[in-house]
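Below is a structure I'd like to ask you about.
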Amino acid sequence: MNAREHGLQLLREMLRIRRFEEKAAECYSLGKVRGFLHLYIGEEAVAVGTMQALAAEDAIVSTYREHGHALARGVPMNALMAELYGKASGCSRGHGGSMHFFDVGRRFYGGYAIVGSGLPIAVGLALADQLQKRPGIAACFFGDGAVAEGEFHESLNLAALWNLPVLFVCENNLYAMGTALLRHQANPDIHRKAEAYGISGLAVDGMDVLAVEETMREAAAAVRRGNGPCLVEARTYRFRAHSMADPELYRSKAEVERWKQRDPLGVLAARLREGGLLADADLAALDREVAAEVEAAVAFAEAAPWEAVADLTRDVYGPGAGG
Amino acid sequence: MRTTYREAVRAALRQALAADPRVFLMGEDVGRYGGAFAVSHGLLEEFGPERVRDTPLSESAFVGAGIGAALGGMRPIVEIMTVNFSLLALDQIVNNAAALRHMSGGQLSVPLVVRMATGAGRQLGAQHAHSLEGWYAHVPGIKVAAPATLADARGMLAAALRDPDPVFLFEHAVLYPSEGELDEPCGPVDLARAAVRRPGRDVTIVTYGGSLPKALAAAERLAAEGVDAEVLDLRVLRPLDTTGLLASVTRTRRAVVVDEAWRTGSFAGEVSAQIMEGAFYDLDAPVARVCSAEVPMPYAKHLEDAALPQVDGIVAAVRGVMPSRG
Amino acid sequence: MRTTYREAVRAALRQALAADPRVFLMGEDVGRYGGAFAVSHGLLEEFGPERVRDTPLSESAFVGAGIGAALGGMRPIVEIMTVNFSLLALDQIVNNAAALRHMSGGQLSVPLVVRMATGAGRQLGAQHAHSLEGWYAHVPGIKVAAPATLADARGMLAAALRDPDPVFLFEHAVLYPSEGELDEPCGPVDLARAAVRRPGRDVTIVTYGGSLPKALAAAERLAAEGVDAEVLDLRVLRPLDTTGLLASVTRTRRAVVVDEAWRTGSFAGEVSAQIMEGAFYDLDAPVARVCSAEVPMPYAKHLEDAALPQVDGIVAAVRGVMPSRG
Amino acid sequence: MNAREHGLQLLREMLRIRRFEEKAAECYSLGKVRGFLHLYIGEEAVAVGTMQALAAEDAIVSTYREHGHALARGVPMNALMAELYGKASGCSRGHGGSMHFFDVGRRFYGGYAIVGSGLPIAVGLALADQLQKRPGIAACFFGDGAVAEGEFHESLNLAALWNLPVLFVCENNLYAMGTALLRHQANPDIHRKAEAYGISGLAVDGMDVLAVEETMREAAAAVRRGNGPCLVEARTYRFRAHSMADPELYRSKAEVERWKQRDPLGVLAARLREGGLLADADLAALDREVAAEVEAAVAFAEAAPWEAVADLTRDVYGPGAGG
């Protein structure tokens, strides 16, 4: 795939996330989507850039802010929108909602809503690959806030100690809910914490999808080569509130506006334009294409069936569960 | 004065901070964010960052630090955003907060108050819907209370701060917006007795916390059917007011226990067992339980509704323990 | 063949490691140290460090890694040295191990086995004496078993490894040295039914795990007094064999539940509640409980003995539920 | 106090620990002491050297291997031996035993038997001092194994973030039970982990009490000055088994013997002799003195009363516990 095709591909993926979430927020205000809804808008370059470095055999573990990771991984938008609607056609049969997308076929091992609790899972998935001599690596996304949890420390030490193929991706968006990085990290230089575990740590501009892709390819390759885990800090920013309930008292509109100047979609579009790889017509076409996909997803979700209440406790235990 | 459960807790926090320099509030986003449920909104501005402290995401460390600060002479109020995250701090709670006084031969005292939101009903899925009050009530050395009314939301905090031991207050998230009348002045309430929220002759509906409104609604429905149900709010799960519980049940001779926890191993089971032990010969029917279905809480509304105790289910359970009429 | 509970567990581990390449054992000091209770002694030498893995002191991470490895196609056996330390891993257990299958709409399966030593009686003090089986039994999505005999110590592991869901095996530390006869060959046992360890007509003593020997000793003492007690070993706390429980109690019409946990909120309360719900009209006396005193376990022997269920207390409780004679 | 007096004082303190524990082990084999007994023998220089840097207003938090810390802090040997016996005259009324010594009057906040769980307690004690503008600092002892626990990470970050006066003392004796440092730490350079929290970290020869004293005075002074917490790694070694149950399959006799060449008591005695500060007569006198104290402690413990069973549940809740 040439540079233009690749560039358009990255732009398309980021746009799919952007439009999907704008629609999700709209559906939320209409009461069709409920519970917690954490938007990824502004951070799209991290998910899309990282996925370029991952293969089908790799496993992915994410957080409650995982719409972008699921979409970039190729989980069908229909299944995701239906999940937000709580329908049985959702990627988790409506059991999970926004915070718990799963697609085992694509090795998307899900959204975890307890901060930090996905890290040990990723370590275990990597251990399974190592023990079965499989080529896969485990990519684990988490936020800057998760770095303060004990599980961050325990997981990095364990993965490093056992030389496990884990790509730890910290999405540093400068806030843990309303708590700024400097008020939750004594040493805010997150990627440098890799040294405490004797592994390599990298930092990358999380608003530049090409930079993210390059860094992640490098990091993933090293992990694949058996160099053990790697910690990558992607510096990004959340354009929207933490969740739909957040009054955003903790940051200024000006700060948000400053970051919007570096909108990852805008940054890439400009870069492609400079290179003469993007024309207005391309953008318009992308917009139409993605808008259509989103509309189709909403139609699918609206039409999808509900799980029968009679099946409430099905899937609590597995088939033929002994005893 | 017209107020809400949320404002009642905030008023109690403000009063505690104003009254005693040893009191401080710490937890995730209690400060600049204003509290995940807006309970502590405005307190940072009023009392400053030394006394309204935002913590990193480190439940075990900041709960343990609350224990240490209490040992050091402070009166910490630690907010764990929700009970779901308190699992990460259970070691500090069970092995330190609860044990230090006795383990030290009575030398140490841990005057700590821990507040947390609890319960389901907001479509947050399996990891954000726990009701673990019953687990906490199992642990000697701590006290466990569940304010279900505005008066308790306001008064239990002051009482907890007066207590020489760790007190855990469980605030059901669904109650925060609930409105009602509350009159000044506000002092501490007792942390000892269950309260009859609705007197009745025919059956006792025993409950606590977020299930109280459902129990009262069920009682109203039953009244229309000519069943006069008493509604007993346990208020404090540890130490449990067994006397108050047995007094009501021996009077009505029938009981239904409503508890949002999963049925097996629920605190409702403990209540049933204590009735068995203390009022067996006064019972005209076996004690029934209305609890949550044994499933990780699903996100979809119709499934979550089906999993949780509801007014219909309580009414049906009460009918089940009443003598069947012609 | 003459063997011990410890050797029975080791035999099961060896057999499991030999039979299935997906099986591996991980935990603190399971390897070079030989296991804190010498259960895994020799397995590192036999199966190597890939399959018998010493972990750092990181309960949350290695239990979570066990969950992840199970998701990835392995059949991990995670040893948590004792239940006391499992508090540090409860988030992984409750929010991940137990919830992932349902939360993912049935896509994920967590075939994980977690073993841990439990219980008191060795003068280890308040932080090393917990009996939290009842807490685990509260959680849907996992299974909870407590091998009390040599046959179960050996057979439950194989059964647990066949199960598609997380199974928690609680081995009472006091049982490890217990001796007995065990005959080859050893296959899996069921993880479904309670077992009558001593048939009797007059009363059912319901128990599990480390309390079984005490219950049997009490039954012998009672036999001398002309009281024929049945001893029911629950074996599996989740899913509980309610049918087997009710079958015994409806036959004997009397029950005493023995449980080493603190009384309030103990699993014994759940058992009592289920008897209330399923056999109320068949009872000739209220169900009694013999549990631990509500105190952080003291170190001194005389105090620990006084805090724990003992044969005398069980005998007295049974007498209490029998019709008073002469 | 001149160099000779000070040297003899340090030697006496270390000898008191050594002889107390030898006697405790003896009583254990006689069945008079039960439960777990973790001996500190070989590590005496760490407790004794550190205590030189601490004042009465400072708080101390330790582990289940805390005999040495309690003795060096000045908790009467009688009360400790009685505690091992489980008597009501014990420092914890016989409720705690070997793993749970307490003496609130000396701000000895106890032995904690859940690895890593003392760290947050020390952070809280330091927070109480800071908030009440008291001069004290909190000294927190823990082992190399505890460094792998999440609470180590959370506690150091919190203490550093809030600039709390905590002296974190890691007693690195190269083993966590039977697990060697290199098999539980991906990066075994423990004091360097301080960088991840932006605080200073120091390492010291834990077999040389004078070196420990010097380093701890320096570290404690910095903490007192308000520079925030400090992490000191004392490199030491456990001469005895992990506990009385440990068959010691994981290390060689030769390794243990090598370390015994650096017995902290021998190292100090030699140093004092070189300086002409110690005569054989001094040693003999010390031996007699300490032997007498230990004998007296045993006599005290033997004669001490048991807690009444009727008082079993007293002290579960405090006096006038509300409700």
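We call the chains A, B, C and D, going by the order they appear; numbering starts again at 1 in every chain.
Please note the rule applied: a residue touches a chain if its C-beta (ideal position, glycine included) is under 8 Å from a C-beta of that chain, and two chains touch if they have at least 3 such contacts.
In this text, all values refer to a predicted model and were calculated from it rather than measured experimentally.
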Identity of the chain that, by mean CA position, is farthest from chain C: A
More contacts between chains, A-B or B-D: B-D
Geometric centre distance via CA averages, chain D-chain B, whole Å: 40
Computed distance of Cα centres, chain C from chain B, in Å: 30
Cα-centroid distance, chain A relative to chain D, in whole angstrom: 46
Whole-Å gap between the CA centroids of chain A and chain B: 36
Residues of chain A whose C-beta touches two or more other chains: 92, 94-96, 100, 112-114, 148-151, 154, 157, 161, 183-185, 313, 316
Touching two or more other chains - residues of chain C: 55-56, 58, 60-61, 84-85, 88, 91, 95, 102-103, 125-127, 140-141, 294-296, 298
Complex contact set, residues of chain C against chain B: 60, 84-85, 87-88, 90-91, 94-95, 98-99, 102-103, 125-127, 130, 134-135, 137-141, 238, 240, 261-262, 264-270, 272-277, 280-281, 283, 285-289, 294-296, 298
Chain A residues touching chain B - in the complex, by the definition given at the top: 34-36, 86-87, 92, 94-97, 99-100, 112-116, 145-146, 148-150, 176-180, 183-185, 246-247, 249-250, 306-307, 309, 312-313, 316
Touching residues (chain side chain C, partner chain A) in the complex: 24, 50, 53, 55-56, 58, 60-74, 76, 91-92, 95-96, 100-109, 140-141, 143, 159, 162-165, 188, 190-192, 236, 239
Chain D residues within the chain B interface of the complex: 59, 61, 90-96, 100, 102-104, 109-110, 112-114, 117, 119-129, 131-132, 138, 150-151, 154-155, 157-158, 161, 313-323
Touching residues (chain side chain C, partner chain D) in the complex: 28-29, 31-34, 36, 38, 54-61, 84-85, 88, 122-128, 293-296, 298-303, 306-307
